[in-house]
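Heads up, the next two complexes both have subunit A, just with different partners, subunit B and then subunit C.
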Partner chain A sequence: MVEVTLKVNGKSVTKSVKGNTLMTEFLRDELRLTGTHVGCDTSQCGACVIHVNGEAVKGCTMFAAEADGAEVATIEGMASPDGTLSVIQQAFQDHHGLQCGFCTPGMVMSAAALLKDNPKPTEAEVRDYLEGNLCRCTGYHNIVKAIMAASGQDVSSIAAE
Partner chain B sequence: MPKDHGIGASPKRREDVRFLTGAGNYTDDINVYGQAYVHFLRSDVAHGKITKIDTSAAADMPGVVRIFTGADFEGVGSIPCGWQVTDLHGEPMKEPAHPVLAQGKVRHVGDPIAAIVADSLEEARNAAEAIELDIEELPAVVDMKAALADGSALVHDDLGDNLCYEWGFVEDNRAAVDEAIKNAAHVTTLELRNNRLVANPMEPRVALGEYSRANDHSTLHTTSQNPHVIRLLMGAFVLGIPEHKLTVIAPDVGGGFGTKIFHYAEEAFVTFASKACNRPVKWTASRSEAFMSDAHGRDHVTKIELALDADNNFTALRCDTYANMGAYLSTFASSVPTWLHGTLLAGNYKTPLVYTNVKAVFTNTVPVDAYRGAGRPEATFQIERVVDKAARELGVDPIALRRQNFISEFPYATPVAVEYDTGDYVATMDKLEEIADLSGFAARRAESEKNGKLRGLGVNCYIEACGIAPSNLVGQLGARAGLYDAATVRVNATGSISVMVGAHSHGQGHETAFPQVVAEMLGIDESMVEIVHGDTSKVPFGMGTYGSRSLAVCGSAMVRATEKIINKAKKIAAHLMEASDADIELKDGQFSVAGTDKSVAWGDVTLAAYVPHNYPLEDIEPGLEETAFYDPANFTYPSGAYACEVELDPDTGKVTIERFSAADDFGNVVNPMIVEGQVHGGIGQGVGQALLENAAYDENGQLLSASYMDYAMPRADDLPFYTVDHSCQTPCTHNPLGVKGCGEAGAIGSPPSVINAVIDAMQSGGFKVDHMDMPASPGRVWAAMHG
Partner chain C sequence: MYSFEIGRPSTVADAVAALGKDEAQALGGGQTLIPTLKQRLASPETLVSLTGIAEMKGVCAEDGALSIGGGTNHATVAAEASAYPALAALAGGIGDPAVRNRGTIGGSLANNDPAACYPSAALASGATIVTNTREIAADDFFDGLFTTALEEGEIITSVRFPVPEAAAYMKFEQPASRFAMVGVFVAKYADGVRVAVTGGSEDGVFRWSAAEDALSANFSAEALDGVSVDADGMITDLHGSAAYRAHLIGVMTKRAVAAAQ
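This part shows the complex of A and B:
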């Protein structure tokens, strides 16, 4: 067992974990932060994307023990404490960028990382950035649209509601 | 000005807030005190005899609670098939046993052999390694035609051969169809494979069984599209648990696409084991397990012939299909290539004679069942590919050939037993030509060619049958259940409403769209209406969500129940205003007496129903709650026309979707935003089938595509923005909302236009290719072009 101390969504956490505990397991099973989802076992689907020290990371690709001293953000920390959705979350709702919701936490976390580095991405840049996030419901149309809208771009010329 | 509430408006989805904040409650998010975990030891060979299974060493491993094998399930029921197809000789299909855990033989890679229940998943996995297992490998049955040849190995020894059934439809037309083909001015023939797919909802399947000794009650939490169906199948046929002792809960479910309809062995296992171990037992599929245990989709091998007269009128169509059932009959497997496929083979055309022959074949592969569209994509792909090929052979415009043969009068009885109630195929094609800017194609092709690329345009139509279905009809066709749905409208004392519905929402937005209907009927705010679904202890009954049936069938039940509410509420209002029932009008949440200024509010009436101090107790009961079961009079028939434009790099074979347009007729639309989202998602899956996806087996029955490393899922950069339109609306004539269903259209309508476009692109470059099977991935396209 390894003792880790990290900040998760701004809150300090110290836990004893097994060396082989994945970050996704730590968040879901130890901290009960079940918004981070597991959709595959080959680090392909992106449902588990979180932020570690400000960078988008697939939670299934790191051990909890590696996060000692890190600042971790998950989907649960994205809205304001009063429940107001972040700009990106609100854009996903406004533009119907989610259906079953399972890939959504990873999509939102990836989108946030993208917009931090590239505040006005083109459609091609959004699609390219989402290469590591699978969605089976939306055909990506409204996800791409929502992310472009969240970046402040006018998406009214993109087809559909 | 679009409406801002009620039917036809697009309010933001209320369920989104929990999904966007990580507050969703998916089955794997549920953990109960004392739960154990199960790991399934699965077959790594396609076909074999279990000669030894010794669990004694494994049972002593740390954390192991109990290890189960097939022997523990002797006397437990077989996992049932819900549809009995009658073959062309009038005999019932062959139905092999489907044990929860393999008994004696394994029949596909992934077939569960043993189940290790332990305190932790890690301990369960470790113990699995210690099970001593010997399997004598047998020749694998993989290819369907070889499976039917004399001397083939048998998937099920007791059946005598690998043929589940041979079905002919309409058998009485067979000779006339053959004759018409023989005498035709032109016959276009096409042999194709509809590639095997894996549905791949992003949430893998999960099942959590809980048994309460206190009241001898079992609860199953499961990732299901239809919890009541699971309760019925598992309770009545597998485990022998009566409904009042069994609760099935499907909470938030992360996508289904058909593969979460079926009753699976793992659900029965955790329910059984939680009682046997007196501990909750949880199973969470890994994605690799999903690939080898979720029912697959499609996998038809077909020869189709289209006969035309000298004026290019379609005179007959014949289809011969081999349909892969996999190793066992999944819940609705037998219905997919028959009643969900053969009845759609008229397509949008007035072809007077149609015959289809289907051989359903057992193989040593994962069971195959309904996947988004289920039978209808296979029918559409064949028809729309053969029509396109015919147009090319005859040198006529593919759209003109379609238009010439469109059904134009409704209702229309097809030669394959169904009656289309409404439609307007000319209107959707006109709309498509407009939104796809077909007149600008030549210029876009010239531009592509300037850049060294080929550009192709593909168009197709589709018709589908949704809203399954009239129970008396499907009963005659072999369904072992009714296919109505149910809703209870519970009005609370202060006027808020809970609507318990048998449909299940796993992405479709029922929690937002269904209240739009109830609120509009009552003239109250949508926020006063909440939808309850997914729990057999809360919802009276229901057949669930599949076949684009939720709004058409369950929504109709909800309308009927709401009408009963209105009728009763009017009686209460009449009493309160000392007027006659017949004079009461309901508008904007106010009951008024016609021709007077007297009125009472919705809340006054609901309060009176629960606090009946001034109430017609001698005439009606207190309370305001009504249930309706709705059984449809017919299927619904959404239809449309789709266009795809591709660019093809002749050097690499890479196909890029440049434009995709869809003009659909879904009848009336309750929430346009959700409808369009459904079409987008369907197109994404259809393009995935056409360009990327393929569940591949080798000749030994090894599944080669068992992870996202090997199975090509469509990603954001594989797909464009789509142009979709649903303004052509011919309302369904037989349900109260006039709705047809929109969930599967995109997946049904898109693959043929993609392949038609790829063929068009290749031919424009002088390549003499008139067909290629899906997926049109770069290597396969290049090979098709260069022989």
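This part shows the complex of A and C:
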């Protein structure tokens, strides 16, 4: 066992974890933050994307012990404490950027990381950035549209095919 | 996963000491090793994470060369290796953004996956792999599939790339895994052209000497007309035959020459 101290959504947490505890297991099982989803558990689908020190990473492919001292952000930290959705979450709702919703936490966290570095991405840049986020409903058009809208760009010309 | 202990030293010296124990294994960004552990294809008793070692991170240009810390992730190389644009572009094309925020150059080279991108850059650039004990020329480093000249417990602390006059990397991706079906790195130096191929051979990354000779005489895609790779020894799998890969090597090399800057 190894003791880790980290900040999760701004709150300091200290826990003793096993060496092989993944970040996804730490968040979901230890902290009961079940918004971070586990789809493939092989770092392909991106449902588990979280931010570690501001960078998007796949929570299923990182050990909790490696996050000692880090600032971690999960989907639970995106909305305001009063429940007001973040701009990106609201755009997903407004533009029907989800169907079953399983991939949505990872999509939103990836989108947030993209817009932090590139506040006005082109559609091609959005699609390129989402390379590691899979939607089994194949609802990519509206996901891309939601992210474009969240960046404050006009999306009226993007077809909702 | 089998259970193991994990340590996270903050200096190279402490990491080397920790790796001296029985059944200890270095953990870079974990983008290959963690999936391997999940499949129970590896069973170390101790993992020594290198992610907390500040002295192994960063990109630094010096005297016509680019030195990259072994623990530097792909996203950082993509953003900061502007002195060597072909290398920055290669780093920016590995996996996906979240993978690039974790995976490291040292981890990729030490693993020497036959379809990984970085080994081709190191070999085509005649890079020097710097470890905690010595410097190894790229020509002496890669030793077949998943095998390198590294000794047990030896850590890649940095990699030094001589910056070429012109270079490009062209990758034909396997569309599901994003690994290279074939990737070709072409680098033109004052004393000649070097061409390294990943993804193609059953022996892992290799230098294509016939193409190097042709391109050193005439650095143009046309110089490769009539120059071909023998399909013997190329990989055959469900994604493509040996003959297909041999053909792709020629195509991707021409594209790399055409794109070289």
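The working rule: the second predicted complex is superposed on the first by the 157 of 161 C-alpha atoms of A that agree within 3 Å, B and C clash if a C-alpha of one lies under 4 Å from a C-alpha of the other, contacts with A are read in each partner's own complex, and residues count from 1 in each chain.
Operating definition for what follows: a residue touches a chain if its C-beta (ideal position, glycine included) is under 8 Å from a C-beta of that chain, and two chains touch if they have at least 3 such contacts.
On a predicted model such as this, the values are computed, not experimentally measured, just so you know.
When the two complexes are superposed, the chain touching more residues of subunit A, out of subunit B and subunit C, is B. By the touch criterion stated above, A:82 is placed in contact with neither subunit B nor subunit C. Of the two partner chains placed by superposition, only subunit B is touched by A:134; subunit C is not. When the shared chain is aligned, subunit B comes close enough to touch A:142, but subunit C does not. By the document's definition of touching, both partners, subunit B and subunit C, reach A:42. Judged by the touch definition given at the top, the superposed model places A:62 against subunit C, while subunit B stays out of reach.
In the superposition on chain A, contact of A:154 is made with neither subunit B nor subunit C. Shared contact residues on subunit A (touching subunit B in one structure, subunit C in the other): 41-42, 131, 133. Against subunit A, the residues of subunit C that register as touching in their complex are 1-8, 27, 30-31, 34-35, 37-38, 47, 49, 51-52, 75, 95-99, 101-102, 178. Put simply, subunit A touches subunit B in their complex at residues 28-29, 33-42, 44-45, 47, 74-76, 78-79, 83, 85, 89, 92-94, 96, 98-105, 108, 123-124, 126-128, 130-131, 133-145, 158-161.
Interface residues of subunit B, counted against subunit A in their complex, comprise 10, 12-13, 15-24, 26, 28-29, 31, 200-204, 252-255, 257, 286-288, 506-509, 672-674, 676-677, 680-685, 687, 707-709, 713-717, 719, 721-724, 746. Residue ranges of subunit A in contact with subunit C, taken from their complex: 2, 18-20, 22, 41-43, 46, 49, 52, 55-58, 61-63, 65-66, 68, 110, 113-114, 129, 131-133.
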